[in-house]
Amino acid sequence: MAIISLREALRQAMTEEMEREPTVFLMGEEVGEYNGAYKVSKGMLQQFGPMRVVDSPISEAGFCGLGVGAAMVGMRPIIEMMTWNFAVQAFDQIINHAAKMCYMSGGQFPIPMVIRGPHGAAHMLSAQHSQCFDHMLVNVPGMIVISTVIPADAKGLMKSAIRNNNPVCFLESEMMYGKEGEVPEGEYLIPIGVGDIKRKGDHVTLVAWNKMVYLAFEVADELAQEGIEVEIIDPRTLQPLDENMIFESVRKTHRLVVLEEGWGISTIGNYIVDRTVTECFDDLDAPPARVHNHFVPMPYNETLENEVLPTKERTIEAIKKVLYR
Amino acid sequence: MATVMEMPKLSDTMKEGAVARWLKKEGEKVTAGLPVVEIETDKATMEFESPASGTLIKIIIGDKQTCDLNAPIAVIGKPEENWQEAVDKYLSKKKGGASAAKAAPAATPTAAPAAAAASASASASVTSSVDRLRASPLAKRVAADKGIDLRTVQGSGPNGRIIVKDVEILSGGVAGALPSVSSFSSVPAAEMEKVSLSMMRKTIARRLVESTSTAPHFYLTISLNMGPLLAWRKATLAKISETEKFSVNDLIVFLVSRALRKYPNINSSWQGDYIAQYNSVHMGVAVALPAGLVTPVVRHSDKLSLVQIAQKNRELIKLARDGKLQPDDYSGGTFTISNLGMSGIEDFTAIINPPQAAILAVGSTVSTPVVDENGDIAAEQRMKVTLSCDHRVIDGAQGAEFLKTLKTFVEDPMACLFMG
Amino acid sequence: MPAPTNAQLVEFYKDMLLARRFEERCGQLYVQQKFSGFCHLYIGQEAVSTGSLNAIRKGQDYVISGYRDHVQPITLGMSAREVMAEMFGKVTGCASGRGGSMHMFSSKLRYLGGHGIVGGQVPLAAGVGWKIKSMKEDLVVLCFMGDAAINQGQFHEALNMAAIWDLPCVFIIENNLYGMGTAISRTCSLEVLADRAKGYNMRQAVVDGRNVLNTYSQMHDIIEETRKTSKPILIEMQTYRFRGHSMSDPQSYRSKDEVERERQQDCLQTLRDHMVAKKVATDDDFDKWEEEISELVEDSVTFAEDSPEPELHTLYEHVLAP
C-alpha cells in the first residue's frame, strides 16, 4: 500500500488513463503551464504535450461545450472546472447538452466525458466560492455524479469515470487535496454506483460523503467513548446511489442520520431519507435526521463559516436524538 | 390441479397453529365450505372448512401436530394426482423460486381437550386502540412479532411514543444488551422431564409477564361475614327449580358487578395516554381447566339477574371444559373474579388480566373465631377477598372504597336494592 | 472551381424542391395537429442548405446546426421518411422519437443535431474541430446558426477558442434578418454580422444565400481553404425565411411588402429560370419533378403515420449509454 495525497491519486488516475487511451485529454484553466490551480495536473503537460493537456481561456461554457462536441465524435475529454462554483457558467452545456445528448439522439451520441473539480467550502473563500453542487447535479437524468476525497476511492473511481461512456460529474474538495491516505499498489478500478462501509457499528447509520467523511469519523470516535457505535456509510457515487447498502445498514441499526455539506432544502439527504422511510419503515425506531449547512450564503468570517457548516456538535446531537439519549 | 390447504390464520395473535383433529380421513371425499378439520389456535379450537371439493388425497400435518401459519397442511384433489408435486409447485410460487416442500416441524403433542387461553382482548378493539397509540414502526413490528399488546406498553419516547426498547424490556431481552436469562446452572437432563408448551400455556406465560411487568400491582384484602348470605342461599335453594340454582360464586359475580357499577374507576383500563372507564361491566370468571386457566366473560353482568348470571356461568364453564369457547366468549372483559375457595385457599393475590385495571381473588369460607361487641368470642363464616389493583389507574383509597361497598353488599344484600 | 454540371443543377433543384415541399407539408400537418411542439420551417432558405452541404464531403465532414434542422439532414442523404417519422415522434424517426422537430441526428451521416439552445451548438462545433485537429484528419465541421445566436456568450467563447487553436470550423450565420421577432439590427451593433470575426482575428466572408449557384461556388472555395489551412472562418449567409419564426408566429414585426419583395428572389424560381435559360430542363421536366417530389413527400407522411410509437417499456433506454 502506498500513502499518497488526494491530488496525487487523481493525477495518477488521469495519467494512467491518458497513457492507456489516446483519445483522453485534459482541458481547463491553468491545467498545463501552471501545473493546475491546485496542482492536481502537475507534470502532466510535460508528459503529454499541449494537445492533450490544454490550457483554456476563461470560458467555462465554451470549453465545456467543446468537450461535449469532442465527445460526440469519439474523444474522451476530462474537463476541469477550477471550482464547481465556476461551472455554473457551463450549466447549459452540462445539463442541456452533455446530459441529454444520448437520449435526445435516440442513443446515437453518447458523451464519454468527465467534468471534474472541487466544490464546497474551502476556508474563508466567501459566498461565491463555497457552494456545494452535488445536490443539484444528481437531479438530472443522463449524468453520473461521484463525490469523494478519499485518495483510494478517488483514484479507483476516476479511472472508472474516464472509462465510462457517459458524462460524469466528479466532485472533489480544495481542502482535501493535500490529505493523504492508503492506496493499493498496481492498477485497480472501483465500480461506479457502489458505496463503502467506512466504519462498522450497530447503533446508528451515519451516511456521509466527500469531506464530511472525516467529520463522521471524528464524531464516531467521540461517541465510541460513550459506548455508541456509529456505522459510517460513504456512498461515493451519488447518482446512481447505492441505496441498498444504506437499507441493509438501517435494518441493522434502526436509526439513520445523514451528514451532508450544503444547504438543506432539496438535498441528497432528503432523497436518502425518503427512500429509507419507504423501504425500511418497519425497521425504524426513530425518524431519520439530517445535518447540513445553515441556509445562508457562506460568510467570509471564519467563526461564522464554521458555524454554517455541519459541526461535530450538531452531528452528535442528531445521533443522540435518534437514539433517544 | 390439486388444491393445497394451508394452516389458516384464525386470530390476530396467532403465530403458529396445530391440527387438533381431522374430521375426514385420507382418501375420503370432502366438500368446499364444509368443516374438514379442527384447528387449535392460541385461544381456542375452531372448525375450519375445506377450501375445495374433491378427495383428501394427503394429510401433511396430522392430529396434534403443529406448523407455521400458511404452511401446507393437506392436499385436496383427484385420487390419482401427485400431492408432492402440487405442494412443490405451491411452495415455489410462494417463495418465488425452487424450494423444498416445508416439512412439518416436530409434532408438539397438545394436552387433551385443548382449551382457550385466558385473554380479555377483543381483536377489533385491539387494532383501533393500537392505531391511537404512538409507537415507532420498529416497536410496532417487534410487538406484533412477539404478540405483545401495545396498549400494555409504557412508552418512553417523546409524547409517550413507544420505542423498541420499551417493547423489548417486556419480552425479556434487549438485543445484545442484557445478559440472557438462562444463566442458571443447568439441571442435568437425566433429572428432569421436558414438558412441551401448549398454545394456551405459551399465551398465559406471555400475557402474565406483560401484566406483572407493566402494571404496578398493589393488593387490598378484606374479610367478609358470609353468614347471612349463605343462610339466605340455603333457604332459597330449597324453594327454586333446578334451572334457577345458583352457586356462591354466582352470588359473588352478581354482587361485585353491582358494586362495580358504582365505581367505574375500578371498572377501567390503562390506555397509555388516557384511562378508559367502561360504562358496562363485563365480568371475566376464571375457570380452571386441566391444561390451564381460561376466563370466559359474562357480558353486561351488572344488568343481569342472579339467575341469569348463574345460567350464563354454567354455560360458559361447560363450553370452557369442552374446549369450545369462541373468541367472543373470552374477550372484552372489564374485571375478573378468580375463586380458589373450592380448593381450600383462604386468601391469595391474583395477577391482573391486561388490559383490565383490577382482579378480585376470592378465598374459601372458613369458620373463624371473632370477638363481638361484648368481648365474647363467637364463630362466624368469614371469607377473605383480595383486590389486586393497577396503581396507574387505581389508588389505595379508591380500592378501599370499592371494597367497603362490596362488603356492605355482601353482608347486607338488601343494601343492593337501595344503592346498587 | 468548375461550374456545376447539368446533372448537378438538376440535383440542386430537386433537393431544394424537396426541401420546399417537405416544409410546406410539415406546416400543413402541424396546423392539422398531426404533431405538436415546435415547428421551425426552412422555407425560403433552401439555397443555404443545398449550396453549402453539396460543397462538403458528405458523410465525412461534420455538420451541426440549430433547431431549423428539417432540411439539412435530407440534403446530406437522410430519407425524408426518417425526418417525417421523427416529426411524428415515431420510433422509426432518426432520433427514435426522442428528439422531435428540433433534434434531428444521424451518426452515420455525421449530422450532429438539431439543438434547441440558441448558440449552444457553437462550442460543440469547436469540440468537433478539436477532434479533427487532434486526430490530424483532413476534415472540416460546418456549424449553422441563426443571426441572433451571435449575441450569445457561448458563441464568443467558442469562436475565440477556434481562433486561438486553429480549429477547422466553418461557422455559418444564417442571417434571415430576424432573431425570432426582433430585427437583428436592433440587437447587434454591427451592420455586417460577419464583422464579429474581427474580434477574434478570424477569417470572414459574406455569402449570397438566395442564389444556390453562388452559395455553392462560394462555399466550395471557403471550405477547401478551411480544410487546407485548418483556420476557422465566420460566414454571414444572406437569406430570408418566407414564413414566421415558427408556426406560432403572427409576423407582426415585418411588413407584407418586405416578404413579397423577398419572394421575388425565391431561390427555386431563380434556379429554374437559370436552367430554362441554359436549356438544361423544360417545363415538362419541372412538372415531372414536381410530381416525383410530391409523391416522395406523401410517401414520407404515410410512412410516418403507419410507423409504430415507441413502446413504454423503452422509456429508460438511452438515458445512459452502456
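Note that the chains are named A, B and C in the order they appear, and that numbering of residues resets to 1 at the start of each chain.
Everything that follows uses one rule, which is that contacts are C-beta pairs under 8 Å (C-beta built on N, C-alpha and C of every residue); 3 or more make two chains touch, one makes a residue touch a chain.
Quick caveat: nothing in here was measured; it's all calculated off a predicted structure.
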{"item": "Contact pairs, highest-scoring chain pair", "value": "A-C"}
{"item": "Chain centroid nearest the full-protein CA centroid", "value": "A"}
{"item": "Centroid distance [mean C-alpha coordinates] between chain B and chain A, Å", "value": "59"}
{"item": "Cα-centroid distance, chain A relative to chain C, in whole angstrom", "value": "41"}
{"item": "Centre-of-Cα separation between chain C and chain B, whole angstrom", "value": "86"}
{"item": "Chain C - residues contacting chain A, complex", "value": "62, 64, 93-99, 103, 105-107, 110, 112-117, 120, 122-131, 133-134, 153-154, 156-158, 160-161, 164, 317-322"}
{"item": "Residues on chain B engaged by chain A in the complex (per definition of touch)", "value": "136-141, 156-158, 163-165, 176"}
{"item": "Touching residues on chain A, where the partner in the complex is chain B", "value": "202, 254, 281-286, 324"}
{"item": "Chain C-facing residues of chain A, complex", "value": "23, 25, 51, 56-57, 59, 61-75, 77, 92-93, 96-97, 101-112, 141-142, 144, 165-166"}
